[in-house]
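In order of appearance the chains are A, B, C and D, and numbering begins at 1 in each one.
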Amino acid sequence: MSDSHDHHGFAHVMSPAVLLAVFAALIVFTVITVLIAGSSLIPPGFDIYVALTIATIKAALVVLFFMHMIHDKGLNAIMFVFSLVFVALFLGAAISDTEQYQHLIKDFGQANPDSMAK
Amino acid sequence: MATAVETHETDGHGDHDDWHHKPFSAHHFENAEQQFDSGKLGMWLFLVTEVLFFSGLFVAYAVYRANHPEVFIYASQYLDKYLGGMNTVVLIFSSLTMAWGVRCAQLGQRSGLILMLSLTLACAALFLGVKTFEYTEKAHKRLLWAGAFVNATDINKSLGTTKRPGNHVFVVEKIPKPPETFEERMMVSLRAIQRFWGVSMLIPVLLVGLGYRFNSRPTRTIGYAVLLSIGAILVGMEASIQIHEFQHGGAHAATGGHDADHHEADHQEAGHNGEAGLPGAHPEHSVVAGDIVDPMLSELTSDAEPKDLKSLSDRPRNANIFFSIYYFMTGLHAFHIICGMIAITWLLVRSVEGHFRPDYFGPVDFVGLYWHIVDLIWIYLFPLLYLIGN
Amino acid sequence: MEKTLFFPEQVSTFAGTVDSLYYFIFWLSTFFFVLVVGLMAYFVMKYRRVEGQTPSASPSHNTPLEVFWSVIPGFLVLIIFGWGFAGYMDMRSPPAETYEINVTASMWNWNFKYPTGAVDNQLHIPVNTPVKLVMRSQDVIHSLYVPAFRIKQDVVPGRYAGMWFQATQTGDYDLFCAEYCGQKHSDMITKVVVHEVDASALTEPGQQTFDQWMEIASDPLQGGKIPLAQAGEKVVNMFGCLQCHSVDGSQKVGPSFKGFYGKDVAIKDVGNVKMDEQYIRESILEPNAKIRLGFEPKMPSFKGSMKDEWIDAVIAYMKSIQ
Amino acid sequence: MATASLPAHQQDHASSTNYLNCSRGFLSWACTLDHKRIGVMYLIGTMTAMFAGGALALILRAEHLTPQATLPGITHDLYNQLFTLHGAIMVFLFIIPSIPGALGNFILPIMLGAKDVAFPRMNLCSFYLWVGGLIFFLTALLTTGLDTGWTFYTPYSTNTSSTSVVTATLGAFILGFSSIFTGLNFIVTVHTMRPPGMTWFRMPLFLWALYSTAIIQVLATPVLGITLLLLAVERSFGLGIFDPKLGGDPVLYQHFFWFYSHPAVYIMILPAMGIISELISTFSRKPIFGYRFIAFSSMAIALLGFLVWGHHMFTSGQSEMVTVVFSVLTFSVSIPSAIKVFNWVATMYKGSILLATPMCYALSFIFLFTIGGLTGLFLGALATDIHLHDTYFVVAHFHYVMMGGTLVAFIGGVFYWWPKITGRMYNEFWGQVSSLIVFLSFNLTFFPQFILGSRGMPRRYFNYVPEYQTLHILSTIGSFLLGFGLALAAGVLIASLFSGRRAPANPWGSATLEWQCSSPPPLSNFEHTPSVGDPYDMNSVVWDAETESYVKQQSSGGHSHVASAH
């Protein structure tokens, strides 16, 4: 109770140095991801993993510092991370299923080229 | 009732009186901290729903990319990764200003907060402006979603009514071509919107004047705040127009350079807006005017360098699924930006009025969280849509 | 096997597995149901509230007991899963040698095409022979369901769907569409006819072996031995045309065949067109080219499945029922 | 805030004012931020939707008296629209919002000892979104109807149907947000508004159930939102994600749809289970048996419910591997449900059981839900599901769960909290009669449908093969009796408003907090800060002949909140 009467007693204030450092890091990662996209540095097929890794680092920076999660209540962080688990579940099941029956669609498309739009 | 309970109640009343004399305190909370924590948890839960809302699109994306990688490699080359990258930077910068704004609110720095919110708003407008040009260009080249290649009359029908005739008739027919001056028209309308915004500044100006005349502080402050918001949006819009003109004016110099190749047709058109209206004056239109069967094919007929253009036989089946996903994902994201702009404008009004104090800054924090999640989604959308293939 | 209270007769090799699993779960469920409801009823009677009498103390929880009744059902459902899994894998693993029939589902008709080129809107299969269906849909999702075989498979447009089965007894059985597919979903019913393979096993007059049926079905014109109009009637029945068209003048989804030939009718976006051979042929091959006013473009195309001379027979039939 | 700004202590001397009579006029209700009034508005709204959906069901049942067209004017098309609207209204407008929206809104803050939910404005907004969704559905109904089935399966819904799919889709989209707002509010309220002494394991099980439900609402409903949005855009512009003719995949739509709609089944049943926990304990005058097992099983059901959606797609063309995985996961959900049933029965052991109307409904629930749950085993097992999928067996199964389960528990809950909500006691005898009629006729209606299904009768059939007629006739007779039973229950409740005797604060002897405030509760819920104790400590409440009510006993250690607050 008494805490709440202190200045910003119930939330952490980010220092300008941290904000600017995070911003700089985000810009650097953006430049990197644009530059290496399409370059021959990455073996074919791996571009998406590299791009997503960089995106995830950027996202983590935004969530932890800009969104104050690093100083926030654990409950809020749990809620947010929890949602990602369900996204992964949804994504995983949908991809693994569609990949396995894809041959039925491909065969059909080849046998009946007129049945689908180009 | 036991005395213990009553003692407690008296304590409670002490708090209440103190607490409820403050502005913006809701009666059913015990104190400012509880109100802030509830709001913050509520906001995080709302972000959870946003994540799951977008997850549907990410799943659709992942399913189609996993099963048809060739579509994504082929079609994504029609997106401009430098424009996308610039927009990414703009959004990240707006995230910084928003986070800084929260800091200002926490420390009670009123003018700093106003500045930061205005910058954020301007960035949002800039982002949307660039997006508008991207969409315009694609619409012009008819790089559209899958169903847009169905019978054009079917589309018109479905635009006007929820009813659709029996089965799709998938005969690709003559699609009425957008007017040659499509882009010019776009620019004209953008300028018109700008003028409209400019004129609408009179209203807040009037408010400010009235506020001084009748010595009404709220009127004055609302006037200032709205004036600021409109100004910020105007600045953002103008910036996006300048970027567009810079990109299309200056690209001629950059021959054989970076990705200018697939913009070639467009550069020419932008360079000669006047003549572009004439069929035949433009290589793109000379061949395909009126009855484009395959919009992506139109590029083949231009004098762009063929090495970077895929021939029809290379074009994967259902390549337009990519654009379906592109328009839906970026469109929904843009809608969230617009919602965010409305929220920030509301914050601006309240911060000019001086509502936010070190013990009451919840709304700034909550809108900030929302704004960051919109940024976060873009951080994923950008590489997923613009940076595919090598 | 005859019909029972719960099931239609068992006509496929899968039916035995499905029914025995069903009865296993049924008796297991009955046991637990009687236990739960029996105890509940007993407690209600035994511990009815008596005013002024406070209930004697009883435990508020009993962890070993609770763990026990969490774990036991866990084992039981694993048995059920394993049994169901085994049956399912049988259904999804056709033997190497099967008799393959192509199935086309469209609103609201089944069309079965046999390796010989024969076409019918009923499914005719030989008894005791593994049969595989390769299915496709022309419009929306349908589902082929034969209760007597205990099999079901959705037919999703834009892809193939497959199923196999082996019938164990001859006769006619219902074949339903089990996935809702619009207006006449409930009329998308036809028959599976299981034929004897061996002619010597035929017991009743009028029965055909599979080969006998196939001979007639492959050639509805029967080599010109029957009048063309009569052959046309057979073709119309084979393709299930009467699902949407009547022959008595009443209006169904499509126009009636009666009083149809040679008349001028209004066509959407075109004007009046004479209903002649040319028009009928076009309507069968490209049904959406000319849509009569007042009708929806709902007819599937029969290009590739209806032979030219069969179309001639259909035209002759239409002429005959003026 | 205007209606609720009166501080609690000023009302100490005005106990005759309550939330119902503290302000008057249409606007005092339409703009109220009071969770109790919003709950009452939800109660009226969802009950109306239920009777509308039920009336459609009776037409459907009457149609099935004969294998061909029975009622004049009911055609194939109309039949398809009727069953679609019956399903859509019952799912989106009644079952999903009913218990959280009506009883949850009313009871949750009081049971928790809070003054209101965390976000009262959002709560009111949730109700108006419900109204908005209702308007969209009415528009669909009054224009060209809706004939896609409540599942909106593509490509029928996007390409072929000529009915108001987009209108109905947007209606369901809006109702989704109504549901999200309720759920979000409940989670935050439970986390941040608990008074001193109300620890997690002192929360009544109804609150655990609502909390678990809210988690599903927040996590699953957005996916429904995006699915319906994609569907509407697909239909209007041809997006191509779900349309095979544009390269899309209809099976993917089913994944999207069931990712929400299977957890939604638990949105429907979990709060009902919470009600039953309260009823069984109160009317047995016994602490609930295995409190923690029940509480955790609610959470387990909420989370496991997300892992099983593929069992709606065993015959859909889903791949074999995924099908098998979903089958085994499906069985995992049966365990926590079984735990609950066993614990309810164990609660009654050595109790002091009073067969009041709510208890009659609770016992019906256990009977019907057990059948509903056990028949789920037939559908989870792969080999039998192939045969039973999309037949009347499925129809019977989910009606046993949703109607025999959720609806019966909802009515039981309404009878239970009716004295609190309205301040009136209903007629006990006729209440019991209604529960008996509902129970018997429910079984008559739906048990024959199990047999119809395993004999092969597909669902959503207008015409059917004549051999099924006898069972259909039985089912139809049952359905009309059931309609009568439900109307009787409604009649008993409505009659009590005019002739019921005044309800005491705690007529049942329950130890949860909502019975510590007067009936009906005052605007700020409690005139005195409630004393938080064990919610199932029945010995702490004793009958007081003077007030004809149960009262909290002073010496039973119920004031522990003081100790635990410091």
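Quick notes on this one:
Everything below uses one rule, namely that a residue touches a chain if its C-beta (ideal position, glycine included) is under 8 Å from a C-beta of that chain, and two chains touch if they have at least 3 such contacts.
Given the structure is predicted, the values throughout are model-derived calculations rather than measurements.
The chain with its CA mean position farthest from that of chain C is B. The innermost chain, defined by the distance from its C-alpha mean to the mean of all protein C-alpha atoms, is D.
Computed from the mean C-alpha positions, the centre of chain B lies at a distance of 39 Å from the centre of chain D.
For the pair chain A and chain D, the distance between C-alpha centroids works out to 36 Å. Measuring from the averaged C-alpha position of chain B to that of chain C gives a distance of 50 Å. Taken residue by residue, chain B touches two or more other chains at 37, 41, 45, 48, 51-52, 55-56, 59, 63, 146, 150, 166-167, 170, 317-318, 320, whereas all remaining positions touch fewer. Contacts with at least two other chains are made by residues 75, 82-83, 86, 90, 94, 98, 101, 104-105, 109, 115-117 of chain A. In chain D, the residues that reach two or more other chains under the touch definition are 159-160, 162, 191, 219, 223, 240, 244-249, 251-252, 255-256, 317, 320.
Within the complex, the chain A residues that touch chain C are 101, 104-105, 107-109, 112, 115-116. The touching residues of chain C, counted against chain A in their complex, run 136, 158-161.
Residues 1-2, 4-5, 8-9, 12-13, 16, 20, 26-29, 34, 37-38, 41-42, 45-46, 48-57, 59-60, 63-64, 145-148, 150, 154-155, 158-159, 162-164, 166-168, 170, 317-318, 320-321, 324-325, 328, 332 of chain B are the ones that touch chain D when the two sit in their complex. Here chain D touches chain B in the complex through residues 1, 4-5, 7, 9, 114-116, 118-120, 122, 144, 159-160, 162, 164-167, 180, 184-185, 187-189, 191-193, 218-223, 225-227, 229-230, 233-241, 243, 245-249, 252, 255-256, 528-529, 531, 554, 559, 562, 565, going by the rule given at the top. Interface residues of chain D facing chain C in the complex, by the touch rule stated above, are 76-77, 80, 147, 149, 153, 155-156, 159-162, 244-245, 248-251, 284-293, 315-317, 320, 323-324, 327-328, 331, 334-335, 338-339, 341-343, 345-346, 348-355, 363, 366-367, 370-371, 374-375, 377-378, 380-387, 389-391, 451, 454-456, 458-465, 536, 539.
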